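Below you'll find a set of structures to go through.
Presented sequentially are two complexes of subunit A, the first with subunit B as partner and the second with subunit C.
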Partner chain A sequence: MVLVLAIGDLHVPYRAPDLPAKFKSMLVPGKIQHIICTGNLCIKEVHDYLKNLCPSLHITRGEYDEDAQYPETKTLTIGQFKLGLCHGHQVVPWGDLDSLAMLQRQLDVDILVTGHTHQFKAYKHEAGVVINPGSATGAYSSITYDVNPSFVLMDIDGLRVVVYVYELIDGEVKVDKIDFKKTGTATSHSAH
Partner chain B sequence: MMIADGIEDEEKWLAEGIAGIQHNAFYLHRAVDSNNLREALKYSAQLLSELRTSRLSPHKYYELYMRAFDELRRLEMFFKDEERHGCSVLDLYELVQHAGNVLPRLYLLCTVGSVYIKSKEAPAKDVLKDLVEMCRSVQHPIRGLFLRSYLAQISRDKLPDIGSEYEGDGDTVMDAVDFVLQNFTEMNKLWVRMQHQGPIRVKEKLDKERSELRDLVGKNLHVLSQIEGVDLEIYKDTVLPRVLEQVVNCKDELAQHYLMDCIIQVFPDEYHLQTLETLLGAFPQLQPAVDIKTVLSQLMDRLSNYAASSAEVLPEFLQVEAFAKLSNAIGKVIEAQVEMPVVGAISLYVSLLTFALRVHSDRLDYVDQVLGACVKKLSGSPKLEDNKATKQVVALLTAPLEKYNDIDTALTLSNYPHVMDHLDAGTNKIMAMVLIQSIMKYNTCVSTAEKVDVLFELIKGLIKDIDGTLADELDEEDFKEEQNSVARLVHMLYNDDPEEMLQIICTVRKHIMAGGPKRLPFTVPPLVFSALKLVRRLQGLDGEVAGEEVPATPRKIFQLLNQIIEALSNVPSPELALRLYLQCAEAANDCDLEPVAYEFFTQAFVLYEEEVADSKAQVTSIHLIIGTLQRMNAFGVENRDTLTHKATGYSAKLLKKPDQCRAVYACSHLFWVDDQDGIKDGERFKLIFRHNWT
Partner chain C sequence: MFNSTSGNNKKRVPDWLNSSLWSSSPPPPPASPSPKSSPNDVVADRGVKSTPVTSAKSSVQEAEESKYEPPAPAPPKVAVTAPPAVVVRAEAPKVEAQDPLGSQGRYYSSKEDGARSNVDAVADTASEASAAVKVSSPVSAARPASSAAEDISRQAQLLQELSRKVINMGELRRLASQGIPDGAGIRATVWKLLLGYLPCDRSLWSSELAKKRSQYEHFKEELLMNPSEITRRLEKSSLKNDELDGEDKGFLSRSEITHDEHPLSLGKTSIWNQFFQDTEVIEQIDRDVNRTHPDMNFFSGDSSFAKSNQDSLRNILIVFAKLNPGIRYVQGMNEILAPLFYIFRSDPNEENAVSAEADTFFCFVELLSGFRDHFCQQLDNSVVGIRSTITRLSLLLKEHDEELWRHLEMTTKVNPQFYAFRWITLLLTQEFNFADSLFIWDTLLSDPEGPQETLLRVCCAMLIIIRRRLLAGDFTANLKLLQHYPPTNISHLLYVANKLRTHPAG
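The block that comes next holds the complex of A and B.
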């Protein structure tokens, strides 16, 4: 059982002052094994905060990130799954599923995690799963109206990954979960 | 060398003294056992002679005294038992006065006096009066203090207090009070005189020795507070005035500090409240070197706790006008003690402010008054350079923030900005950070343009260069932290009413524009997004708000945004500006403002053409342009074509071939928009594609 936090588009401090207090109290060091961050933190303080949550921190570059050294894309293997990470502003049209699927094939990964649209998404697509953790601070987006703060926690266990999405709606944290199973080349899923 | 010898000698003398006491005690016990009064008196006198020494320090003298004290207790029991020695107490009282030396004589007299009072053969007040006056014969400070201390100890339970057995006709509480006051007065005089006696000694050593004896003097005040019959009236009319008289007249700083402290500790807070004026009246009369602020702070602390103890007490505070009195007293002290350094005055104000916040937290006018008094003091002094003084001013300014948890309240204090004006640039920044942190911590929202204006004035040290301190001189990390704090702050400025919100945005803009090129990249983006959020809100509202001034409209806001982003060109910060222009373009598109959106795109392209030189930056920027353009649906065919053509052209001109391919491929989506208008220009698409692949 490996816990992976997928988080991004915080846009601190240019679009938001900080993570919501309720999220902060939930995210404590020592519980998560990996963090994959889609980008647009934007400042070093946020990087340090995430690093403190979990030393295994993987970040790709968002177009507003202070640190220009983050890579455009990243791949890593966790357990039986290959994960791909990219902010998403590079993939035009933004948020387009087919275009993202192309990126997934290009990176050759089971799970692709991207951001940029600030809208949570998790769906199965052909050979894999595409996840967008949304914006952890609910930052303004030209693409999405009424952004609720959200992040994703993936529980990778053997050939199965359970995707928990945490959303802050009207001051309350709501959790939903989606199951994905990897069978040979194809991944099947059951949504709740 | 000398000192070491001295200590050794003292040990020797003490040992000798103790030996002397033990020696005589042996014979004394034998005399007492055989009921031999004459022998008992002889040996007790000899024993007490050891206390006549001048050679011991107070600490060592005390050890000697305690041994003698023990012996006197047994002697007293013997004296009490008339059957054993056959002498009436009256005769005994006269008999002991035949002792040769004055000190032993007086110790014996006090001891007999104790028995005399217990016997009730004479009124307590007469005996006590006699004793306290007789003790005058011993004027040596240490010897006199211990003698009178002995008197105080044995008389303690024999005072004619209300309800005591010694109360009788003629014997009243006032007699008890008079006795204790007199003993106290004489003891204080002796105590003060200690510094003048003997060879010239090092001041620290002397002060230390005197400190060791202070409780002997203070004990009298404690006794006074314990006398049941001393009610508020007596305290107010007799006790306090006479004690204060002695305190002031002795003109000794050690004594004054200790005794004022003692008074405050020992008597009930209720009394202090009712005698506030008298008590405070003493302060300006004290020696300049007395650390008044500590004593006053103590007093105010106690009163604060008293106020907090029960709600019923509060009206009393108002009735005696406690705050006004304290305020005046502090003013008088500062005036009287011209030599007092600024830090002293400020810390007094900090104590007063703390008092006001704890006792009268609803009276913002009191808080403002204290700040005002502080401003006056600061205005009269040269610019603050003293570190400690600066810390005190910061403490003064932080206290209301912590009390009220709400920046709004601090912003209404008219003197608050004036106090901040007196801080040097560095401290202003520290205070500014404190303000911002307070807002962030309590999640406060600053909701009017007016308040925002005041706030940004307060934190001006962060917003712009003041007083010649350049941003260059600052450590880069620190500078970033500061500016990021300001950026975060912008998100806490909000009002539901669009008009007010627009005013807030304009106010912020006014302030940050003075920040200079180094600050703009930090402060402009949050303002831009704040404005874009307002645009979105206005989209949701239908129609225009009629009436008065020109209402807030998206168009107006876009105008403003254009100007704000343009300021970034002075930095220069082209990539950031480009991104912000694109954000505005999208927002304008959503408002269906085609020309406005087009204008933003034009600006973005200009920046791309002229300023974005780095190839990696170009790749990102062109993708952002393409991505944004792909989402545009407000453009008519002509505008769309122009922009698409430009985007495709630049894509083909990227440095590296793979980048060219990807960008041009992305551009293909510009010809294939899946919306109601159904622009699916397959032909054009093919043309462009082919054109770029040759």
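The block that comes next holds the complex of A and C.
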């Protein structure tokens, strides 16, 4: 049972002052084992905050990040799953699922986590699953102003992943869940 | 009244208690063929260790603690030499002679008991002691010459008692309180009976055991699952399990969750929240289990046996903590658990050894039930809390040995909480080596007065035995002595403890 937080596009302080209070009250240290961050934090204070939340922090570079040292892409293995991380502004057209699928095949991962569009998405194709955690602060994106704050928490348990989607809609936290299993080399999806 | 050649007839301590025999001096070495006929010889032997068997006391005057090595849990062998330890003057047997323990005595220091009954010596002078006590053969004719034989006989009696259809608990208690011999591997069964885990009626054993063991498995299954597994199980029951492989591409469908059941939930009823709150307790349990008895291969080390034992300890403590949210886990519970698990796991009966974890859990609960209040911090100052128990110990000491009490608490200001806290909460497991603490537990568990009362008497006896050193010491010396209790002759200690009963034994 490994809890992995996927979060990104906070754009603090330029487009948003901070995480919503309701999100902050839920994100306490000690529960999460890994954090994968798509990028665009943008400042060091946010990095420190995330590091405090969980010492195992993986970040890729977004175009507005002040720290130029973050890598463009990153892959890691958690349990039975290979995860890939990339901010997403490099993949054009932005948010295009086929292009992202190309990146996924390139990185050879089961789950690809990207951001940049500030819209939550969870999409499946033959090569694997693409997850976009959206923007945790609800900052406006290059495409739209209409953004709900959101992030994703994955519970990786053996060959199964339960994805909990946290969204702030009209001031209330709404949590949904998505379930999928990995069978053999390809991920398969079980509906419920 | 005693033939008191003793000059010290002060009211402070009864003479029988004041005798040199109580000072835990080392028994004479078995190799020496000549019976110690004079205390002077014995004095010279003070520093020598001896085998457990020929243990009887030498009438050493000094209340010096012996370098006596408690026997390992292997049955003591036959006495090396015939010459026994203490002779008793065949005088009018005193009240102590009727001591109920005396007739059979501890199997590894049997003769002392009889000897004590006629002790007159004052601890002070060798000459007086020599007049009073001589070392020689056992007192009563009834007593066998070698304590090993006695041990075997007690073992036989225990086995006989255990083989009855309905076990006579009173008789079992009586036999067990003298010490359970290690040879027959019966300690596990005896303890289970004493703790009420096994009923007296043998025919009910298998059904009781099966019931309890399955109950424990059920507890484990219920309580030791992590939230991921729980949600998966709940889902399995509600959703169809087939893989919908129809779509190879597409947006993954979302489903709502019920009752706030997500990992970051802060709801009181959320299984996730409870899980994370329990994590702290589990970490504490983990830490303590890893450092239980690091010197014993059974508990510590890299062997898979040790690891599986540690896992068992951990499981028991976690299940206990979850079933008892009021008290959860407190440091020290692992120490009380350890001897129980060790004995049950080492049961020669394979079937029992395999189910040791379940059996230990219930016996642990039973044993702890009398002492639970000691672990609850809120109850510290209450009538049932640890402070009150320590006060009772203090009063017990005052009743039996006022001089010592005064010296300790008034003069040197050694607050009993400094030493008695650990003695009482951990049931003396930390004060003696493992083998000795098993013998002490034999007495604690079998005494009809109950473990709480017996424990206090044993603690009081521990103080009285080293009274000489305590009286001579200041705060620092006494505290050091009491916090690192010197090795002592266990049977002697238990004999003295027995003497402290409120209703006289004789």
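FYI, the second predicted complex is superposed on the first by the 187 of 192 C-alpha atoms of A that agree within 3 Å, B and C clash if a C-alpha of one lies under 4 Å from a C-alpha of the other, contacts with A are read in each partner's own complex, and residues count from 1 in each chain.
Criterion: a contact is a pair of C-beta atoms (placed from the backbone, for glycine too) under 8 Å apart; a residue touches a chain by one contact, two chains touch by 3 or more.
None of these values were measured; they are calculated from a predicted model.
In the superposed three-chain model, the partner touching more residues of subunit A is C, compared with the other of subunit B and subunit C.
Of the two partner chains placed around the shared chain by superposition, neither subunit B nor subunit C is touched by A:R105.
Of the two partner chains placed by the overlay, only subunit C lies in contact with A:L27; subunit B stays clear of it. Applying the stated contact rule after C-alpha superposition, one finds that A:K51 touches neither subunit B nor subunit C. Contacts of A:K177 after superposition: subunit C is touched, whereas subunit B is not reached. Shared-chain residue A:K82: touches no atom of subunit B or subunit C.
When both complexes are aligned on chain A by C-alpha atoms, no subunit A residue touches subunit B in the first and subunit C in the second. Those residues of subunit A that touch subunit B in the complex are listed here as 12-18, 21, 43-45, 63-64, 89-90, 92-94, 140, 142-143, 145.
Subunit B makes touch with subunit A in their complex at residues 440, 443, 480-481, 484-485, 487-489, 491-492, 525-526, 529, 532-533, 536, 579, 583, 586-587, 590, 620, 623-624, 626-628, 630-631, 666, 669. Only residues 1, 3, 25-28, 30-31, 121-126, 129, 153, 155, 157, 160, 162-166, 175-181, 183, 188-192 of subunit A touch subunit C when the two sit together in their complex.
Those residues of subunit C whose C-beta lies close enough to touch subunit A in the complex are 226-229, 231-232, 235, 239, 241-245, 247-257, 260, 262-266, 276, 279.
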